[in-house]
Structures are given as structure tokens and as C-alpha cells.
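Sharing a structure below in C-alpha cells format, with a few things to ask.
In this document, chain identifiers A, B, C, D and E correspond to the written order of the chains, with residue numbering beginning at 1 in each.
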Amino acid sequence: MEPILKTTNLSIKFGEHKAVDGVNFEMPAKHFKSIIGPNGAGKTTFFNLISGELEPTEGDVFLKGASLKKKSSVERTRLGVGRSFQITNVFPNLTVLENVRLAVQSKRKVRFDMFRHFLQYKNITAEAEQILQQVLLTDKMHQVANQLSHGEKRKLEIGMLLALDTEILLLDEPTAGMSLEEVPAILEVIRSIKERGDKTILLIEHKMDMIIDLSDSIMVLFNGTLLADGTPKEIMDNETVQQAYLGGLAYE
Amino acid sequence: MIKQPSILSKTNLFYALVVGVMIVLPIAMDSRTLTILLTQFCIFAILAMSYDILLGYTGIISFGHAMFFGVGAYSTAIMLSDFGPTLGSFMASIVVGIVLSSLISIVSGALTLRLKNHFYAMFTLAISGLFLVVAEKWRTVTKGNDGFTFRAPEFFRERLYFYLFVLICLVIVFILLKRFVSSPFGKVLVAIRENEQRTRSLGFKTLGYKIIASVVAGAVASLAGSLYAVSLRFVNTSVMTMDITLDALMMTIIGGVGTLIGPIIGAGVIEFAQHYLSGLARDYPIFERWIIFFGILYILAVIFFPRGIVGTVYMKYQEWRVKRGRKSATLKFVEEKE
Amino acid sequence: MNDILKLGQVETYISQYHILQGISFEAKVGAVSVLLGRNGAGKTTTLRTIMGLTPAAKGSVVFDGKDISKMAPYEIANHGIGYVPENQGIFAELTVEENMRVAIRKETESVMQKQDYILELFPDLKKFWKKHGGNLSGGQKQMLAMARAFVNDSKLLLIDEPSKGLAPIVIEKVMEAITEMKKHTSILLVEQNFMMASRIGDTYTLIDDGRTVQSGTMEMLIEDEQLKRKYLGIG
Amino acid sequence: NNDSNESASTSTDSSVQGESGKEEVVSSDPIKVGVLASLTGALESYGKQTKNGFELGLEYATEGTMEVEGRKIEVVWEDTETKPEVAVQKATKLLEDDAVDFLVGSSSSGDTLAVLPLAEEYEKIMIVEPAVADSITGSEFNPYIFRTARNSSQDAYAAAAAIAGEGVKIATFAPDYSFGLDGVSAFKTAAEKLGAEIVLEEYADPAATDFTSNLQKIIEAKPDFLFVVWAGANSPWNQIADLKLQEKGIKISTGAPDIIALQFMEPLIGMEGFTVYHHTLPNNDVNDWLVKEHKARFNGEVPDLFTPGGFSAAVAIVEALKKSGGDADGNALIPLMEGMSFETPKGTMTFRKEDHQALQPMYSIKLEKVAEFDYPIPVLIRELSPEETEPPIMN
Amino acid sequence: MELIISLTINGLATGMLIFLLAAGLTLIFGLMDVLNFAHGGLFVWGAYTGVFAYAWSESFVVGIIAAILTGLVLGFVTEKLIITPVYGNHVQQILITLGFMLVLQEMIKVVFGPNGVPVKVPPYLAGSWEIGELTIIKYRVFIIVVGFALFGILQFILKRTKVGLIVRAGVMNKEMTQALGINIKRVFLLVFMCGAALAALGGMLMAPYSGIVYAEMGMEYAILGFIVVVIGGMGSFQGSLMAAILVGLAGSFMAYYVPFLSVAVNMILMAIVLIFRPQGLFSVAKG
């Protein structure tokens, strides 16, 4: 089967520093893969290369066999590569609902409709509200995004990604800063997406318990290179990973 | 649930009332001065609204808005004087102005709308500076800095008719722009203003949106310029100067950016304050330096209306609702803003 | 008297919103006090109130015997409180080095030594010394934010979610560092990672909906399954 | 105390006039004159000169009664702020709300041009003062327009008369916009008619501060004269002196401007050129009266470049009204004013029939340092008769 | 050859003069990111007070000192009353500073009268040297020297102290700088005052060059200042210097060789730089 996402010798250099260095990776559709690696290993950069935020200095990304080299980040989103951001990145002065509604709007083909009142697109609003329910933000719906606490912004970030409804979801530390109580709820959201079985998911996380629980496979980045790629068990037993990443702390 | 927009909303009725008053006022007062003042006000209100599309909705500061105004003004002036003062050539000149402005917006936008903030602002300053030079130098057509007079179409010689025409333009432009900004397209513009990079990663081609926004703004400004030329029956290079841009900018900011109705109010405040203050100077010699008071007006506006008149009133209203403990406050606020 | 910090019925508004509605707790000298609570409970706002960034409308904030609730943030900082904000507050267009230079109040011998110690703790920072702060990875930013707060000699450190976005191995190092810091500094910590909180915390304060719910020693919390379930969703 | 005169140039008892007017055929209502001038902004000083001149002119022409043919004259002042749209607004206000019978103004050509069509629309006489653009009495002319100010061409003819002659090589230097371009082109025509050769036309950005490049070129062209058309604050005089043009055998010529600007012309002492007015130049009773009264009224200040212009405009109005027996109707006045001559501080002016431009004396002068003045002043070489500087008819 | 030298010297002098105008803006606009349209007002006030003090004391140096003092005082007032409420908000900055500009400009007329005032170059700087065909105006050489000296001093201060760093940090994140124990308000105030003093100094040095001071001169030169700061790269003195010299030389050479374009030269230059190097010639942000 053709892999849905593939990279060949993907590399990027910032000055002399190779942040991502010759990564060859591929994953089948509807697969759940997690990426782990020490801080600065190049995980976010790897995402940036896939989503088109950055241009590789070498190598290429393939979506369903087609090269993405010439595609801008906008086009990639439209082709089905959606992402969330590690550093919260929302529309600060718009309400939570509007934030999500924009994402829904992007998915539907109403972008260039200039003279209909947007409130007439009831289904867009309805869908946005439904997503807010999923990410537990219904009661904050009409609050302006910069009034949210950090954890709440993280939830909004996920909500926007869900609203985009892309085939591939790139999740960059979705639960960082989320409270103990709420992590499970978000996990549930992610799990339910996985279980619906129509999405391909790439997840960056540092919470090992969560990763092991969810992932079909795990890949490890280290200093920009692909250190290992395998089932959760294989990875957890890997000596090098233990040393380079987990340290003495296995996981809870 | 959010209420659906309705034509018979309170706000719309209020607007209708205001328009009614604006129609009746000059007729009832039978004052041409008032008619002219109101005409100027409407024209600048249109210009300021067009600026708000850029500044308030898309978050673009432009220092070159006058060039679109000027293009409109010159198109109309030149066509009316060359092809005769008919309504036909007037309408044609509006179209020509709009087409030219659109072309300019597209070219300059494509070149530099990727730039951020000051850089784009300074670029527009440069481009409009160049246009001013062209207007100055192309003397066979523009008569340079002195400018030239021309005849208005017969129908507009009666200033009241012209005023009503301008008022209708204002209303139509307002309705269209209101639709424009509250359409899904307009929402994307706001998103660009808030966080352009994020908008892009949601799958919107922001450059295209920005160019269209600047085309719309340019076209409306050009319309304002055409009307302005006819209202004066004269045009010179002053229509292209920084002063016009600054006027539009001030009106927009004083009224409240990103509100559309704000710029109209701002235009009113500035036009009437200017008229009134300079009138004071005539009657009371101590007001000889009335411009000082005018400047103080700006300063006070920022201090007391930090978000512009409309923006600040909305904000205060919202705070008041929260203080009253109404749960629906934010909801109401959102709805009214939209 | 061994309270380095004492909040008494602190209430804080952000514009018209009543965010903190009565926060009281003490932080002991030389101890690690932990603030716990769900998202939006008001933990960050509490730290910001102590720092003077969103000043308290009512109540007292007594630090080292002085009421600091009316002081400007920089005065509070100069009284010896260091702050690691939850969004890291990195100066994106300054290099790592420049970020550190802005933070360092006086380039004394001891501070420079401390800087060396910190750089050993976070070698990534040394590696990217000349890099713009905005280009760092998420975890590196977190490290830089901590390094900036650690480098000065403060009497109290306010740290908002230090473990966020850090690899497990680095979390270990941070815990090490905090334990080391504890020798000369008191620490007030907001932490979601209960494993970390329980390992290095001495006392805890539970916040919900802008109010203090309960305070006590960490041992007590670890024991109290009910409390944990109710407010932290664990147990 | 020039402000106290504002809008109240009529201090005489109005009830008396009301009665005396009753027998007249024409209305006995006061005659209203609306004056547009830049009373604020960059051209403020011009506006003020016009104002002072106009008030004195009225007084002089009515012999202090402020009435003509039994009708009181009222003046309403409006500030155009040197913005065409404001000028139009204010002019309309004057015509509508104040129902003025005459318009006078204004300090900038742009403002004036914008107001011209209104005069025609309302069929009111407009006296243009002191705007100079040729097009006002040229391409943009309408029959209600009369101009007491001299126009650019008259300046040019006066300038040419001062320096041009058979075989004289002249370079010109002017700011790169209408005023400069028109000035130079009119000068060129006039000078070439007198047999001179224009060897170089240099134009500079009016906002520039550095003119050395232009001057360098002029030096290289080795003309006999450099004729400069200039207006505006940052003048090239210092740099002309610094680059020693005069020492290099290039004589400078330009129009002597208002007193403020003369202060900056120290480097040009000795230059020969022309001027429109300086209070020491005209030798007639009107001017004597003007200087005397002006000094008396404004703390010893003397009338400036545009004061006699304002004065002349007032005289023209009063004289026209005398001719019409107090009838201020625009259409009735046009034929009476065409060809009308009247006495002004600059001597006799005559409205030319074809384009209503007042032909007037101009002055060939030399700039000199004179003991009693702390600025260089234009000293008369020769008065140029109105015919000598008669510009072509361009409407 | 003489021609080239002469054009170069004149261009350089004009450039230096522009740099003097832009130096204050480099601090206020470039570094502190305040769109200060009242800058021209500070400039004019410096020029007027300086010129009047110079006329009264008959000492050019006294004039310069008076201008700098005026700049400091006005800078203090402006920062406290006008700028403090609007840091970080360009839209409000435009409105309030333009309003203040009108006030400053009109107040000039109230205090010093509405007319332009002539200014003479002090005798020891007046006149020109002639070397063969070459004429060199002394005051221009003076301007060039002062410009370089000032550049040196500013560069030294900015490089040797943390001030530049702190201001940039403060602009990026005001709260965080405070939380690091820096009284950023006072730093901003001081930097603003310095910027204002530089503006005032620029005005004063400009006065004898153009031979006149007048109320409207501020706005014209302020725009030129903005252009230079943007071309040079925000917040970099080095950039402003180079950009100013570039503008000066371009003006000088264009006026000679392509006079048709000389009116538009600044605008063309800026448009080209923005299209091809939008961050400016020397950007601080992008190392």
C-alpha cells in the first residue's frame, strides 16, 4: 500500500546547525504515530517541514506519492495536512467561537463569498459549537481568546485543528500545560478520532504514558536524525532511547 | 444561539432614522452651506470607510490612500472636462477611476503586501508620493499644482440633488461594505489582522485576501474622489497629498477602527469640528489659533476614547452589562458588533 | 517568623472580571510550595498578582515582612523575586546571550559563576548562545526562561509550570536544579505534573475558581485520595 | 490691534444710513463683501496682508464713511486654510448664508481656482487678490472674475524688462511645480521677445534643501544672468552666495518678495530684478496715505507686498459701486468694470476688457542695503508702465 | 573630477544633515517602535529656541545648548503626557502624536510669531573654501564632522551599555522586562528624551544650513526622517547613517544627472529598497 505520508532524506539547516538531518520516514494511512525526542531534537521543525511552514534545504515530502515541494503551507492545508502549534497560536481578539468558526469556514468552500452575512451559514456555527463541546470549551464560547488561561488556549488550539477536519493531523504537544484533570478528556478526544479510523495522526508529546497508550508506532528523533522507529514496546526497550530521552525516569 | 441578522433590527431602524434626518435637514433648513458641509461630510465618510477596510478590518496601515482618492478625482475631472459635463461621462469616469484604482492596488499589493506594518505603510507612502509627482508633472492633462475647473453635469448643478446623490452613495457603500465585512470573506480579513500566519495555516491564501481588501478599499476611495471632484468642480494636486490620507486616517481612528460606522462618525466629528472651530476664530479673535484646539481634540479623543468613539462606547456598554451581572453580555456584544 | 511570602484574602480583577476571589496561603523560607488546580483556576493570575503584573484589588501580599501589593513589578523584582512566566516571555528577537544579559541585574562574580552552572545544566543554551530566542525549540525556550530567573540571587522564585514541554530527562535535571536552588532560595511553583509536584514539593495550596480550597504539606495531599480526585482528577 | 477690525470695518452708526438710503432706487441694505484668505497655515502672512490692505482700502475709498452711494459696506472674513475644499465651503457660506455681493480672494491659486465657478454660478463679482496663476484669467476665466493682483506673466514681463536684451544669455532656476514652471515659461517668452537667449532651465524639488547640484550646472552653462523664480521658505540664496555665482560673473535676478522673505536675501545684495510692490517705491498720494495709516494702525509696521493688493481690491469694489450707483448686481457691474481705471497705492490700475486682468505698474529694482532698514530693500531703477508688462490675453 | 568631488561632498553633507534629523527617530521610531508624528514638532521647537537663544546670546554654542535643553524638557513632557498611554498601539500613536504635532506647530506661532525667522551661519563657520574649480562650503564640512562625531558617540553608548538591549526587550515584552527588575518606564522616558534632544539638535543644526526656521518645517523633515529610518533598518544608527548618506548622495547626483527625477528620488529609493530588501539595509532584528 502506498504510504500516505513519506519523507526522503528530509533535511534543514539553520546556519551551520542541522535541525533535521536526512530523515526518511513513511507512514500508512489511518495510522497513529508518535514522535518523541529530547528538546531541540527537531520534532517541531519536522512538523514545520511537513506542513510547509519551512522549506527543506534537502529532501522532499510526499503526500500520497505526490511531491509537496512546490506547495505552500496554505495549499498543503487544503490538500489535507492540518496542524496544531506547540506555542499557542490563536486569534487573540476574536471569541473562541469565531476562532473555531474560521477553521470550519476554511474547510467549507465559502471562503470568497463576499456578500452574504456569515450568520446565514448556520451550519458553520453549529459545527463550530459542536467542536467546542468536544474540547470542553462550551462555556467559554463567547470569551475573547486572550482571556483564556493557558490550558484553555491549548484546548482551543486542538479545537481549531479538529474543525479543519484534515486527513492528516499533526499534533504538537497538545496537552502541554493542561491540567491533570483535563488531559484525560483531551486524550479521549484524540482516542475517539483514532477510533473513528479515518484520520492519520502524528503526535509529538513528552508524556510517555499517553504515547504508549495511544500509538500504533513511535519514532524517535535525536539531534535531527531518525534514531528509531517501531512499536511502543520496541522503543521503550531501546537502550539508547532510555539514555538519551527518558533518563532515569521511565514513566509513571 | 446567536440571533440571525434581521433587516428590521433596532440598529437598522436607527440608521434609517438618521438617514431620514439627513435628507430632511438641508431641505428644512434651506441652507446651502449646510448642504455643502453635509456633502463634504458624506464624501469623507465614504473615504474613511474605505480606509477602515484596510486599517480596521485587515490591519494594514497605508500612508498612500490619497492616491486612490486622487485617481478618482482626476478621472472624473478630466472626463467631465474632455467629454462634456453629462451624467453619462460622470458615471463612466467613476468606472474608469475604480478600474484604475483596482489595477494600482493589485500591482502594488502583489509587490509588497507581504511586507509587515511600517514597511507596507512606507511603501504606500512612496508610491503615492510618486503618483503626486506624476500628477504634478503631467501638466498637459492635470494642469499641475494649480489644477483646473470644470463643469458638473447639469443635474448636479443643484447642490441639493448632488447632496442627495452623495448621501445615496454613502448609504449604498455602507450597506455593501457592511455586507462585505460580515461575510465569511470579511471574517478572514479580521483573522488576518489578528494573526496572519495562523490564518495561512488554516488554509487561507492571505495575500489574495489582502489584495482584494485593498482593491475594495481603493475602489471605494476612488468613488469618494470622483464625488469630491464634482462637489468642488475643481481639481488640483491637493487631492493626492498626504493631508487627504491623514484625514481619512484620523476620521477612522477617532470614530473607531473596525466598526465601519465609526469612520462615518469620525468624519462627522472632524468636518464639523473644523468648521465650527474655524468659525469661532472669525468671531472671537482668541481663537485665531484654533488649530491648537483641533490638535487638543485629537489628544483628548485618544485619552477618552482609546478605541475610537464607537469602539469605546461598545466597550463601556459591555462592561456595564457585565457589572449588571447579565450573563448574556458578551453574547449581546458579539451580536451587536456583527 | 519563617514565612517568606504570605497572601491574605487576595482579590484581583482583570478589567471587569473578578478572577481571584480570595486567595490566602503562606510560603515557607527554604521550602518548595506548590500551587495546584485545574485549568483556569487562577494559578497564573496568583503568580502575576504577586509579581504586581495584575495588582491585587484587595487583600495583602506580604513578602519578606513587607507588603508588596502596591508596588510596581520592577520594584518587586528588585526586592528579590524571580519569575518564570507560563508563556516563557522570551525576547524573540534577542539572542540567548542578550536574553541573559537583560536578565542579569549585576554582573558580579557570583552571578557569572551561577550562569556557568546553569549553562551546564542546560547545555542546549550554551550551544545556541548566539541564536535568536524566537528560534529556539519549545523546550529550549522553557530552559532559557528558567535560566533567566535562576541567574540572579533571588529570595523567592515564582515558576509557572516548569515541566511543560520538557523531555523527561530534562525534567529530571530541572528537579535537580530546583532542589539545588532550594538551598538559598524559596520557591513557589505552579505545576500540573503531579509526579514532579509531589516529588519536590514541601507544601501545597489548592486553588479552584479563584479561591483557596485547601493548603497543607505535600504528604497530606498524597494521602488524601478524595481531595486528589475531586480537584486534580487523579487517584 | 488688527483683530478688532474683524468683520466690523463699519463702525459708523447704521441707523442713520438706513434712513438716508430710503429715497434711493436701489436697495439701501448694506453691501456685503466676502473675503477669502489664508488666515492660518503656511500662507498666513499673505492672508493677513490682504486683510490689512483691504480694510484700509475701504476706508480710503469711502473716505472713512464705510459707505458708498448711501449703502453701508460690510466685510465678512473667511479662512480658506489653503485647502480648496474649505475654500469652496466657505465661499458657499459667504454667498448663501451671508448673501455677499462680492467675493475677494484668495491667497493661493488653488483655492481661488476652486472658487471661480461659484462666482459664475451666483453671478457675483469676484476680485482675485493676490493669487497669481495665469489660468485664473486665462483658461479658467469667467466674466465675473476681475483680478487686481498681477499675474505670473506680468511678473515675467517685468523680470524680462529688467535684464533681458539682445544677445543676453540667461539661465533660469525655479521650483519644480506650477508656480515655477509657469513663471519660467512666461519669462522665456518675454525674454526671447527682447532678444535674450535662455541657455538653461533648471528646476529643483521645492522641498529640497540642497541646491548645489543645480547651481553647479548653472555655473557650467556660463550665463550672463541667472533668473530665479522662487517662493517658499527654504530659499537658495545662501547657497548661491556660497558657491560664489556673482563672483563667477553670473548676475542674479529675481522678484523682490515680501519683507519677511527679503530678510533672507542679504546674500543677493546688488542684484537687479523687479518687484510688485515695496512701500518705498510708488510715488503717489494713495501710497503715502497707505504707508502713513498702516504705520499708525499697526505699531509702525509698513505695508508689505500684498497690502496694496488688498487695498486695490477694496478700491475697485467701491469705484465700481460708485459707477453703478450702488447697484451690486454682478451682471450690471461687468460692463461697468471692464476697462475701469482706478487709483491704487501702485498708481492707476485698469481692468483689461478681454480678460479682466488689471494692468498695473511694476518696478525694476536693485537690491540694496539701506541704512534705515535692517533688511535689504529694492531700490527703484525704473517704474515699468502697465503697457510694458501687459501680458498676452489667454482666455 | 572636481564635479564628482563637489557632488559627493554636497551629497554627503546633505546626508549627514538628514542623519541628524533621523537620529532621534532612530531611537524613538526605530528602537522604541513609536510612530511619533510629533517628532517634527520637537525638531522645530529645537530650531526655534536654539535660534532665538543664538540671536540673544550671539553665541552659536549657547543656541545649541538651548536647543538640546528644550528637546529634553519637551521630550519629558511629550513622553509623560502623550506617549505613555499609547505604547505598543500604532493606531493611537498616529492620532495622538499628530494632534500634538498640530499643537506644537501652532504654539510656535503663538510664542515666536507666525513668520519665518532668518538664521545666519556663525562667522567662524561661514563662507566657503575654494580649491581650484572646487568650492567647498564650510558649514557643510562642519555638519559632516558633527554628524560623524554624533554617530560615534551614539554607537558607543548603544554598544557599550545595555540600554539598546533593554529598550528592544521592553518593546517586545514590557511585562517581562519589568518582571526582570527593570524600570522600563523610566528607561523609555530617558530614551525618548534623548530622541527628542537629538531631534531638537537636528533642528538647530539645520537652521543655519537652510538659513531659515519656520513653523511648517517640522512635518516635511519628519517624513524624510521616517524614510531614512525605514531604509536603513529599524533601530540601527549604522543603518540610518548609511541610508541618510545614500539619500543625500542620490539627491545630489540625481539633481545633476537626471534632474527630471530629482523630485521623486527619495520615494523611488525607498520603494526599491522595500521591494528588494524589506527589512532595510541594516536590520537589527535579523542579525
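In the analysis below, contacts are C-beta pairs under 8 Å (C-beta built on N, C-alpha and C of every residue); 3 or more make two chains touch, one makes a residue touch a chain.
Since this is a predicted model, take the numbers as computed values, not measurements.
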Neighbouring chains common to chain C and chain D, by label
B, E
Chain-contact steps, minimal, separating chain D from chain B:
1
Count the touching C-beta pairs: is B-C or D-E ahead?
D-E
From the centre of chain B, which chain's CA centre is farthest?
C
Per the C-alpha means, the centres of chain B and chain E lie apart by a whole-Å value of 32
Chain C to chain E: how many Å between their CA centres?
44
Euclidean distance of C-alpha centroids - chain A vs chain D, Å:
75
Multi-chain contacts in chain B: which residues touch at least two other chains?
136, 289, 291
Could you say which residues in chain C touch two or more other chains, in rising order?
17
Two or more other chains in contact with one residue: find those residues in chain E.
109, 263
Every touching pair of chains is listed here as A-B, A-C, B-C, B-D, B-E, C-E, D-E
Which residues of chain D touch chain B in their complex?
3-4, 6-7, 39-40, 76-79, 81, 83-86, 88-89, 92-93, 95-97, 109-110, 113-114, 116-117, 121, 133, 135, 139-140, 176-179, 181-182
Show which residues of chain E lie in contact with chain D when the two form their complex.
3, 6-7, 10-11, 13-14, 17, 109, 114-116, 118, 121, 127-128, 130, 135, 137, 206, 209-212, 214, 216-217, 220, 248, 251-253, 255-256, 259, 262-263, 265
The residues of chain E that touch chain C in their complex are 162, 165-166, 168-169, 172-173, 175-184, 284-285, 287
Enumerate the contact residues on chain A facing chain C in the complex.
14, 17, 36-45, 86-88, 147-152, 155, 173, 176-182, 184, 206, 208, 244-249, 251-252
What does chain B use to touch chain E in their complex?
55, 61, 111-112, 114-115, 117-119, 122-123, 125-127, 129-130, 133, 136-137, 242, 246, 249-250, 253-254, 257, 289, 291-292, 294-299, 301-303, 306
